[in-house]
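In order of appearance the chains are A, B and C, and numbering begins at 1 in each one.
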């Protein structure tokens, strides 16, 4: 991961001293423990304990509303979750979104970041800021904004809906349209932040490379396509993985879209919603815990790939 | 590899934390698993009560405060979305924590009575012996939804049987004959749709359409066999005849795929010429929401199916009041005073409530108010229809699965997407069985 | 940007076809982002009659007035039993959890980042790895487990568990880790040790004074993340209407709008149409705007490091 900060670090990092590595001082370790303790405490309370506890609960037998017996249930809850008639569907649902959204997102990020990078000065800066603004409207605000856009009776883009023969909100917000709506929502909200990040990456690339290419006679197009694009490839992979992980935790948007669609959008559309339904509709906490564990394992796997492949961990640590 | 070591170290950390935790919490997991039954200690606050009401019922609580200033009361306004999950979620929390329940509640969905009376939650107090006089005042047909295994577990706020609504002005103008059977309704709907394109004879897109048509036909979507057993059978002849009726009307363009509550249904609503519909449609939908002029809409008694002597009809909502089973003493007494007030007192039921009171003795006063407003075209017939309809309602139990939500999720999207009514209702039946099994029922056909 | 590139690639004042294409594409995309937002803000200052009638001209800009906003505000504030007042309460709750969560996050992140960057101890790499992992993982997958945990201690519906959980902010630890890696050379630590300072004292007396920027960054990112968090408050605070945060409060307003839920809205004495919802949303974003403007000068640099949190 190349950032301006990391670059600085290259300059300041000391030569490795083998001798130091052998015996860390006990004093130093104790100091580290003290300094880390608030963080460790929060880590335990907000991550480790809930995960462990959820795992333990998922092994209990579900005391459902209908059959209130509980006890040790082994992997029963996992069977309940996986064999639930909605389980596979919820994953198919988010894949239908990701298959449209991810490529669009990547093209948008790369294309716009390259355009911004090709426009130095005030214009580029202003554009970068404008692209970033919707990112600040995260979560519920972005959602209300889209409610405004989606309603054919008051939207500034109502002509689009009417053109498609959709005259009221309920016809726009349907389970079939959900992938497109979510794609639009997530793109609108997410692309700006990533443009800034990738643009930061481009700015971090040494000028000599561009100078050399320019001297070789590369025009703007060649510069972007042959020189810059290969250089930012790691960022693209990183963005793709981060967004992939993000896809598995979609909750707010489908949850609220159901609320405004007079109930015509599926209540358990995304995996997180299914977990929520296990907990609060079925009151099957073991199944809800099992669902969380399944999602956790998936995102954990993606997370591990990100941490190692993106160089977040490796490179910097090697240099230390 | 190094990588592997870090992962091992991290998972060791997590596992260690889990161990520590399970060490401290001991048997606490049973509670976390929702295992506690609601039968713990009853408590007494000494008088103060907390009530939960959805926004439309806030005036009821305020009227109570005015009438009973001596009772200390905390009014909480809850999310009233029908089919919403927030109240269910809150009660799941309270039941596992063993505290926190409100002392009285207006259930935002009638389905809520299913979990509230279930042995796991057991929130709703048995009112049979606590409020016998109030219960006496109800027509047993009106209170049937509160009757769980022979005990009365809630009070009805308003009665909501379906009557048959029609636009009298339109009928008189065109010389149409009023239908008396469901079959005639279907034929007339087709005829009107042909002769007056754009005029419609019903709505399919809201959660109550299930009650309007399937319950109105006696179709077993919500038949409670026992606490853990449900009967759902969409191939029952009663369901088949309802499906055929809807197919006939829908194919002729006589039905709207919108729901009566849709924000933009008003435009379609003014074109409604006839439909079965709850008694509250009159004031709430026609007059207040769709702004249909006075002197047009009016109601008659529900329809009968051909070959049957008695009419059969559905029931759309008609809210339920519950009292907590976790309180005693002065607190319970005050909660019961509250429940009695909101269910029976004219200050709320006659002066403020938009629905026909469920409690018999105040119905006439409410109906008199209706006459005074002079909105309906034929007031005496409408009053008569309102009073008589409750006894025609088909048996129906509120279950742990949410029939209305399953309907809105399957039927209207399918119809909008071009499916036939039969396909849509088949999909509805399948989804219903899935949901019922998912919440733990054994489903029989 | 080097002189050569400036000259050859973009420095030209001439409007070549490529340049026109580039600028117009960028402006088009900018319009795609900006127009809805302008229309939305305008919506907050319009009235329902005109919105329903579709008047007010382009994006409704013609129908904006302060009176409309004052009326809408009276409707928003009027929401709730006994004369309303829920909305300001929700804003206050959001402020409480976001600020407490942010402060906890800072108190944990700065020393932890320093320790991970400049001290040697066993499990250092494991902690770093766990932090990175927690940082890149979407936080909603943990909500149900967190709910189960808070439920087990009987603290559902209370603000403090939400604030504490929000205090766990691994991205802040990472930011502070990168900060100390880059601005505090090991030689400096070594020198302080020779001067006889203890490990904690080095952090407090040498590390902290140079951490103004990273403090601003961590505070900013954590405040924004806490303020916009939806699923965690939804799972933990739904059962207490007084203790909701504004993000789930707005959900309740949507649920009470005649646009989406006519039955409920019919019984309300306040009417929450799109202008009211837009105004509530707009107001709920103001604290973010304030924080954004305050922290702005730190952000350009922060965004670069911000690389890791999408």
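The definition used in the following text is that a residue touches a chain if its C-beta (ideal position, glycine included) is under 8 Å from a C-beta of that chain, and two chains touch if they have at least 3 such contacts.
All values reported here derive from a predicted model rather than from experimental measurement.
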Co-neighbours of chain B and chain A - touch as defined: C
Chain whose mean Cα position lies farthest from chain A: B
Rounded Å distance, chain B centre to chain C centre (Cα mean): 39
Separation of chain A from chain C, taking each centre as the mean of its C-alpha atoms, in whole Å: 15
Contacts with two or more other chains, residues of chain B listed in rising order: 7, 13, 25, 29, 32, 81, 84, 89, 96, 261-263
Multi-chain contact residues (two or more partners), chain A: 49, 51, 53, 57, 153, 169, 259, 262, 276, 279, 285, 304
Residue list for chain C, restricted to those that touch at least two other chains: 125, 129-130, 133, 148, 152, 235, 255, 259-260
Of chain A, residues touching chain B in the complex: 44, 48-49, 51-53, 55-57, 60-68, 70, 84-86, 153, 167-171, 174-176, 259, 262-267, 276-277, 279-286, 304, 308
Footprint of chain A on chain C - complex, ascending: 1-2, 4-6, 8-10, 18, 22-23, 25-27, 29-30, 33-37, 39-40, 43, 51-52, 54, 59, 104, 107-109, 111-112, 114-116, 119-122, 124-125, 127-130, 132-134, 136-149, 152, 164-165, 167-168, 170, 173, 178-179, 181-182, 185-187, 198-200, 202-203, 224, 228-231, 235, 247-248, 250-251, 254-255, 259-260, 274, 277-278, 281, 284-285, 288-289, 292, 301, 303-308, 310
Residue ranges of chain B touching chain A (in the complex, touch as defined): 3, 7, 13-15, 17-22, 25, 29-30, 32-35, 37, 81, 83-85, 88-89, 92, 95-96, 115, 118-121, 205-207, 227-228, 258-259, 261-264, 400, 404-405, 408-409, 412-413, 416-417, 434, 437-441
Contacting residues of chain B [partner chain C, same complex]: 6-7, 9-10, 13, 25, 28-29, 31-32, 53-59, 61-62, 75-82, 84, 86, 89-90, 93-94, 96-97, 99-100, 261-263, 284, 288-289, 354
Chain B-facing residues of chain C, complex: 80-82, 86, 123, 125-126, 129-130, 133, 148, 151-152, 154, 156-157, 235, 238-239, 241-242, 252, 255-256, 258-268
